[in-house]
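Each structure below appears as structure tokens.
What follows is subunit A paired twice: with subunit B in the first complex and subunit C in the second.
Up next is the complex of A and B:
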């Protein structure tokens, strides 16, 4: 889901940087206000954790594997605003130091994976788990459903961003200047693979990690004070 | 290696990825052209190049920018073989395969260039489709090459320090700097954990067991991380941390840096003009 440089036109890239600027500013303000000095390293650890989650390949029946984004998991563990910062940092490191995701697309990538994914997933998890005990199976199911739905929302958005490129940037002769596929191709392609494969990977990882933490360290699943 | 041994593939893939990154830092230490520039000015120069690529709608302008990137690679004493392998293997090759259907009339209608038939299906390659797909691949490869070139010719901690100088909020830069170090630590923890699992359980896992192992690894990593953050904070306190972090600015821009920045802006202006003229 990491969008590389060259897929999105300047309008889309600029738009998402403009959209993300107030979100980053607000996240920074909220987290700074609620974050205790003792928890500062936790944010960095959350970012590294999010980075590492994206490197784990999870097996799917049929011999294939896929990797999770872990956005919902980080949001459950740190809260959505802190997750927004942690995932942004992980995405910036991936783009700047490892070339995974474009520099011009950082705004769009952060919007999809650092904002929409953790926030939608976190609130879906909150609604489904609704005041249930930290030990309840409902939390495990809620985490899985939240992971699946949130990842597909983010993938749908990415497909939409690809699909509008030929509408926004096209020469008079009909030559597409950026991503060459319209909504009719980009949206089903992105949604299809996430609905069938990657959504399940995200669901399995999020649910199983919550299940393991319920057994090992249930206190880590309690509401964090980090935003 | 067995096909279903995904955990080992994951770990080995991650390690080789990180080794490559450490190897890249070796290039940043070489005495080449880009390595000699002030990291702040160099970052601005590269951002201008990447923006230029984004705004360019002409494949010839993109090709000359790509040639310029290869020239910069050469004069920065980076092995062209290493650079081409690093920049072509993942994203551009993937983009190339993605672009192939776009050359056909099904996705990009237009003037027919080549018409052929396979079984009962008629395929038409259009001029617009071929042109769009070539432009798309050329843009991706050029952008990725510039991005990677910046990353491998700049020490990673310098690149992170540049962000602070660009007035990125402190909480992001501080998190970035610390996170970068934890990534290596975490990979080591996972590698050791996996080695432990392998020595006790052997190599082959079922899909279900494999999912459990990955999830357990992630959960255990978070548990350890949570404990670690308290130790890290105590270490920070003992070194005089008062809630505000300080970054040292040791960069010095010289006439050479300003000259190259001026030249880049000139090239940017010229290519914008050329792009407008050619389109």
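Up next is the complex of A and C:
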């Protein structure tokens, strides 16, 4: 889901940088109010977890690859704003050091994977697990469903961003300047593979870790003020 | 053992297992992720390289492209796996350092 340089035109790249700037500023402000000093190691672990889980490329035999983001789990543990910061750190390092995701697309990649994914996942988890005990099976299921849906929302959004490029930018002869695939190809491709395969990875990882934490460290799952 | 320590151990285990994310796609002959093709792959897929894509795609040359050390690509899957693990370690050190600094700067004293 890491959009490389060259697939999005300048309009889309600029748009997402402009959208992300106030989100990053607000996230910093809110995290400054809510994150306790003793939670800083957890923030670093969240960023590290997201970084390394994205290296686990899952193959579709004979097809393409995809991966989980781990962002829903980080959002459940730290709240969506801190998750936004943690995932942004992971994505920026991936882009700068490893060329995984473009420099021009950092705004878009952070919007899809660092903002929409943790926020949608966090609120789906909250709604489904509403008022249930920290130890309940409902929390595990809620975490899984949230992981699955959030990864697919982010993938669908990425497909949409790819798909509008031929509409926005083409040469006089009609050839695409950036991503050559339109919505009719990009949207089903991105959504299909995540619905079928990669979404399940995010779901299973998120649910299993929540289940493990119920036994090992339930206080991490307790509700707290996030904003 | 404290939970934080267990988390760090978990990250360590994931680092060691990370080459699975390289070996499995190779084994199942899975190509690049959708929309993350290089210019040569695009040429094969659509018959031409979009002009803007060609220009922008070389904008940034990262020190360790695709988590593989330069010149190790031809040395086979074993070497690639090793560079994948080293990349995971380098990447996580960088991520943890930045997150710690940001966290220190942002968090409130309690």
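By our rule, the second predicted complex is superposed on the first by the 211 of 227 C-alpha atoms of A that agree within 3 Å, B and C clash if a C-alpha of one lies under 4 Å from a C-alpha of the other, contacts with A are read in each partner's own complex, and residues count from 1 in each chain.
We take it that a residue touches a chain if its C-beta (ideal position, glycine included) is under 8 Å from a C-beta of that chain, and two chains touch if they have at least 3 such contacts.
Because the structure is a prediction, the values reported are computed rather than measured.
**Q** Do subunit B and subunit C fit side by side on subunit A after the overlay, or clash?
**A** clash
**Q** With both complexes superposed on chain A, which partner does A:103 reach: first (subunit B), second (subunit C), both or neither?
**A** The answer is both, since A:103 touches subunit B and subunit C.
**Q** Between subunit B (first) and subunit C (second), which, if any, makes contact with A:193: first, second, both or neither?
**A** second
**Q** Return first, second, both or neither, reflecting whether A:204 touches subunit B, subunit C, both chains, or no partner chain.
**A** first
**Q** Pick one for A:42: touches subunit B only (first), subunit C only (second), both, or neither.
**A** both
**Q** Scan A:25 for contacts with subunit B and subunit C and give back first, second, both or neither.
**A** It touches subunit B, and subunit C stays clear.
**Q** Is A:7 touching the first partner subunit B, the second partner subunit C, both, or neither of them?
**A** A:7 sits against subunit B and subunit C alike.
**Q** Should A:173 be classified as contacting the first partner (subunit B), the second (subunit C), both, or neither?
**A** A:173 sits against subunit B, while subunit C stays out of touch.
**Q** Contacts for A:53 in the overlay, against subunit B (first) and subunit C (second): which applies, first, second, both or neither?
**A** both
**Q** With the two complexes superposed on chain A, say which partner A:90 touches: subunit B (first), subunit C (second), both, or neither.
**A** Once the two structures are laid over each other on A, A:90 reaches both partners.
**Q** Mind checking 37-45, 109-117, 181-189 or 271-279? I need the stretch of subunit B that runs into subunit C in the superposition.
**A** For subunit B, the clashing option is 181-189.
**Q** Hey, what residues of subunit A end up touching subunit B and subunit C alike?
**A** 4-7, 9, 28, 31-32, 37-49, 51-53, 55-61, 63, 65, 85-86, 89-90, 92-93, 95-99, 102-104, 169, 171, 175-181, 216-217, 220
**Q** Flag every residue of subunit C that touches subunit A in the complex, lowest number first.
**A** 3-4, 6-8, 10-11, 14-15, 17-18, 20-22, 24-25, 27-36, 42, 45-46, 48, 50-67, 84, 87-88, 90-92, 94-96, 98-100, 102-104, 106-110
**Q** Under the definition above, what is the set of subunit B residues touching subunit A in their complex?
**A** The contact residues of subunit B facing subunit A are 3-4, 6, 9-10, 13-14, 17, 21, 47, 50-51, 53-55, 57, 86-87, 90-91, 95, 99, 101-102, 107-110, 127-129, 131-133, 135-136, 139-144, 147-148, 150-151, 156, 159, 163, 169, 171-172, 174-180, 182-183, 185-187, 190, 205, 207, 210-212, 214-223, 225-226, 228-230, 232-233, 236, 241, 243, 279.
**Q** Which stretch or stretches of subunit A touch subunit B in the complex?
**A** Touch residues, subunit A against subunit B: 4-7, 9-10, 13, 24-25, 28, 31-32, 37-49, 51-53, 55-61, 63, 65, 70, 73, 77, 85-86, 88-90, 92-93, 95-99, 102-104, 169, 171, 173-182, 185, 204-205, 208-209, 211-213, 216-217, 220.
**Q** Considering only the defined contacts, which subunit A positions touch subunit C in the complex?
**A** Answer in residue numbers: 1-7, 9, 28, 31-33, 35-49, 51-53, 55-67, 85-86, 89-90, 92-100, 102-104, 158, 162, 169, 171, 175-181, 186, 189-190, 193, 216-217, 220.
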